[in-house]
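I am attaching a structure below and will ask some questions about it afterwards.
Letters are used for the chains, namely A, B, C, D, E and F, taken in the order the chains are written, and counting of residues starts over at 1 for each.
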């Protein structure tokens, strides 16, 4: 079977997705370098198969500077006993591995955002080849994809799960149910805007149930975010019957919220240093000042005040001081109606 | 007078430090570029002189990614009415201006940390020339230097003022009194380790009273940090009689603390992804785990636990996820005995 | 309508091409950055619609170091009163905006020449996405494209308009008529060599009348070039009935010239420092020395003399001193026969 | 004819592949640069045609740091008298010319490995455009491609010719016969793994007989490797009847060997400094230590010993000290059974 | 003698400054590189000695993008017959050789402006070591230094010679006499501002008569600038009795002008695209608009008009379109009073 | 004592040079980074002290791409039992640690060659600070410095020890005696040319006996070079009575040779691809061709033949194919007379 898979990809591996038990190995993505023509990038992968059940693809590190998922998923890969599993878990703690090793959203190899390269191309650059492997080899094996994100350098978030608004209400109910089990404060359902180069959209086009998250940010390892991630992963796998046991329901009850219109996004009109006026989760009203843009190069210039275009709660704010023109500096959510 | 100053520096300016009123102008630091041989770096400076009183040099942005001071000091420069001042205020919101424009600790011009270049050299690179101007021209005019810092990308701090332990107890009492007026939760008095290339040490060698701070970090504009900075500056200037009015004492009472020994520093022994176990300000005991170092490149490898070497309170923790060998990941303070 | 457009592109905007009056806004091209995953590049666009008439797409800055068009087109966007317009003007002063901000032909984002990326691809890199937007959204709205160029760093030109030799004589007559109105000293009609990745070729394949220019060069803002640009734009719009008023015919009478064969190009056979022997516009004969290639690394080596392969007038010469092997150093034009 | 060729490529040249005699000229690959929009990369090509016979495409420098082929093929191009040739020789000493000028495997223009870009795309980056020219213009003219490689920085090899295991036994016999004439110590027949982006695979898909080589390495000009290359080229051309004369059979008798399974490759599991235990050509057994991986960053850490997974002879070992995870450090060959 | 010289410098050479006749050789400046620990930078030098007379040090290429001097001085080195010389000529066509090979003002080795590194330091980086050699070895041999400059990328100049205003009137008369012989349209006498890191100041401190120039600019090889350079060098050497023959007095009579005060410099207050309003040499009055600064990033923003602060003639204007804050955009001269 | 040392350096460490037994720790060199202001570079150091005897400072990795010494010295540090030592061993396997981690001669921090930075400066960049620590803290403790080198990328050597020709014959006899014990094929005694910025010269100025080596090269781990290194270190320490036991005298008898004059160096006059004609150790005569310089960019250009300027044996040849003007390509040695 592995041989068949590899016929359709440039990525090779000694993993056997049909073998029972636990395999901890690597995907080998060819990457010719100046000092190693037959060089590869080795991406750790753990596959655990036992009994009967769904196949869950659990991925972190699609963006290299989102750390909570990388830590919690690597822990799971290390600690899980195959005897405790019913079904198949394909675990990749740091999918865009060179980006993760670099601690940046994009990888230094081709400067691409893996989550804008789906469904991928085998003749493209590194991120394209990798996305193609996921689409061509992994997704056909997968029932549910849990792909965990955080805010990276760009943003800091109220810990949340996220999913797309889908026409297929049954599919959407599945992701909502996983989100309720996961147990983050918010589950944010979003209308997809940038059409179709993301991992989640590719999952949906392949009939794979997909859920994602935003669990911290600001290029840090968030203490509460990591706690929510660890609990959320275990709860989700229990909900999907891959693991046994009761859900940990110590956390907040998950609220289903949405980003109703474009006015929920506050943008920086020009470059500057952004001072947010509200902490995450604050309730704000349309027209309120979201924050100030300061211009350090000219102390005589007054700061520019940026207003909210909607009434709701602050889902995320800018994770680093400096912004450039067009950067989002805050996004609001509101209860779904 | 300006002419005399310029004889001892390569930096030139139309500022006249003896003129009454408010001047908002620039320092011009020569920097020959490939596309502009007579190019300069223009650093905004505001000088306000009125009545009689001390000369305070108020600086921010010695490190470009420490934002609270840049914002609050630029506001002061913009808004202050000379009629309200008694004495002279030399205000430079972003001293290492190219670093501030780049949003990084070091400037992209010569990759140097300005705060390791004092007292400077006129024949050196950009940071050396700039440090030399401060030492040779500004410090001889100055009674008190308030040079405000935050944690930058590296660290996140409990908002604090800082000063050196000095043999001259009278001098030290002056900085402690300013710190009490400033009103941050901690005032941290530190024994200087790296001998002598910092701004503060150069102030002390020139008989200038010096106080500094750590007011946020993690490459963000901290909401409470900025509030503390704004209040602290006004309180300090009132304390020094440059401004009139009552101190704002709404904040916490400042505790004088210290970093008693080397055991207060927790270091990363190898590179990894650091998960802190405690929030800022937590009380911890020697031997407690400070956090875990995770190794995403090898999910089979157990995290390395880093222990505290002292009992105290968490003053700062690592401001970004990834660390390299030798990086501090947390520093403790303890009450002064 | 805007919604429909955006379905076929990754670029979004609040511009409404059907709305009457003047809209000054931006195109937002998604560009995920390490510090802003939802980052965009904002490209200023002004749309003016009034009465009835043609739609003219007026673009500058396809190459970032060609300045005359950027200045003159931005002026037009700022100053034009919609009441004076009959038809629709889509004005983009700096189409390859990141290149323009960088002052370079190629943009620093993906190092591509936008004018080699047409008709574009939505899944490509920045320049591909941008070219695709122009081809898929703007060209279907457009009757005439006036895309103004200069020589950039590479070349310095006698101010000229340019157009392709087309099989469709009617189409070609349209561009020639615009050129006569524009009023540059030369109108150069060229046989397209590099097949099909340019903006002009894409216009032609979409039935859009296209005219371009070379209006200065050498990485400078040319005083006569900018004068010719300002007058040429106004004259062209009057000719196309978008603006009212008499043409400014103060300038030279436009001569229609051509680049008859490959011998019109003088190339550097090896790298060196090029000294041109003739000023722009000089009449020269086949076999005359065009200039000398000097070898500063070896003062004992004689300069290499480069000869003209045609008799004609000097249209352009190298805009910067150093050349590499294969660079054109001069191009001749001759009267059309 | 040239015109027809150029219709299907972006590369242009004044070469006429049908002209009798010797032409030494260049391929001109358009490459718009910031300082030369009409810039090209000029790749030297020599075409020699005389009498009747096969067309051989002789290429070196597909990787820029493989020098023996570049030197020997340039000599041949310089020295060969057309009168001595029967047939047509298309000679390109340094196909990936910018990589060769940089002395690196990949070119600095787009950081691509030309031998992973076949069959190429005219709308891609430099390496894609160049590969497309070879596939679209040169291969249709070619009977036999001799494309000579060495180990580059990555590896050091026993001088060898190489060819693919093909289903078409007649084709395979042709390449084996050329290899026997070439006369390197080994002729290594390999099962192609990475499916289809190489020059050799593209030759085979176009019905062109293809042979390659590994003739030295370690980023050096090998004295014995260059001797083998010079003799091998002359012998091959004599065998193919393009040149007259007796083969030079002074060298070793060529052994036909193969890389039987994946165990022939020894890989570095992690990054380190590799010490090989055996010289090239040594006979080793499965389980023997191939070498040690040293960790200079931690002198307390024991080296990691890497074992051979097969019994055979050492074909190549790592050509430079440092390796990263996944790099091959040695490859074995065994006699074909 | 050479041995003695080399004892005081890190630069070595086989040149013998006392030998009669013509030596064309190189200075070897040690520069350890990653791929050549014993690497050097070889700087061509020609020494011609014959009969009795002054020692003239003739240098070009102190800034790598100033081409007229490099071409004309290399020609002189190549063509001069020692029998025609009386005295000693030390000729270095491209003193900052790595900058000249790079076509940039600064060299890519250490990013320094050689003309800000005098008198140099043997333990510094490349430019410091080179400046030190000039100061320690060449200047003690030298009576007159003619160091020719142009405007580089930054500026475009009316062809001019330049010299410092000196207290020593006799010395100053010498440079003025050379300037009159040289025969450029202007001879500009300047008060030195940036105290003491330039080549000219170092000459003066060593009692060497020094003259310099500005002979073109805008990163081009100027046709009239090169003509003035060629004539000026020959005239100067004749004036100094190193060459025989009548001065070529075809050119304009040289006017002695000066830059009377700081108001002669027009600066860009912020970054933008500079449009000059006047050609070189134009007579302008204080308060006239010098040009406009355009803001392409915001077409709604009006250009900023920059005014002259003096009445005089336009000596130079900005040589490239984009400027940053603090860049000079035009400089005026006025007749000396 | 450690405290006193550290007062004169910016480097700190917990090592106690007076403590008995074995300490494996790090030197901490402050290096402020953009993401870690209090960052350091940790350089592994092992100190072993027992009984009475000399202090030997044993260093490798002064150049990061010289691997044999790094491996053998790290082994010694790991394996040596303090009970077997008489005296004190200060062992630093990779002194220029960031260069060693980068596998390059220079470090990526400041691009300096550590062996051109002695005796160092505490206010300089990284390499200066490190060299200063060695000079100010380690050398005062040291009797003998054994600093082992190889050829790096630049050169490939016959395994050799090296020392300077000294006026102090007794000192020179000491290094010769160590060399005879070390037992490399050659011991090369060299007259120092570049005066005084090397480690060895600084040792000599401090009265420290110094010996060095060239033990391989070409950026590889040499099998025979590493064998010679391992044996040479043990033999040297036995000779110096730090270790007990008989010398291993299996190797060749060491010949004392010298580089008698400048003609022993063969240089590349221009850039090209160097083909050496002789293997290491070959006997050659003045005027013989040392090799050919090939010009791949112009196959019509004949190679340039480089001749030897002396009769002797080939000590080293170029370790990589490409060379630039002025690079040495071979060096000869001859028996001392």
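Some notes on this structure:
What we mean here is this: contacts are C-beta pairs under 8 Å (C-beta built on N, C-alpha and C of every residue); 3 or more make two chains touch, one makes a residue touch a chain.
Here the structure is a predicted model, which is why all the values come from computation and not from measurement.
Counting only chains that touch, the fewest steps needed to get from chain B to chain C is 2.
Distance from chain A peaks, on a Cα-centroid basis, for E.
Of all residue numbers used where chain A meets chain D, under half belong to both copies. The two sides are thus made of different residues. If you compare E-F with C-E, the chain pair joined by more contacting C-beta pairs is C-E.
Here the CA centre of chain A is 36 Å from the CA centre of chain B.
Our note on geometry: chain C versus chain D, Cα centroid distance of 42 Å, whole angstroms. The distance from the centre of chain C to the centre of chain F, each centre being the mean of the chain's C-alpha atoms, comes to 58 Å. Annotation for chain E: residues 65, 153, 297, 320, 322, 325 touch two or more other chains.
Across the complex, chain F is touched by residues 63, 65, 104-106, 113, 115-116, 152-155, 193-195, 197, 320, 322-328 of chain B.
Considering their complex, residues 7, 10, 12, 26, 28, 30, 32-42, 123 of chain F touch chain B. Within the complex, the chain B residues that touch chain A are 24, 44, 46, 61, 65, 67, 70-71, 74, 77-78, 93-94, 97, 100-101, 103, 153, 156, 218-221, 223, 226, 273-277, 279, 294-300, 302, 318-322.
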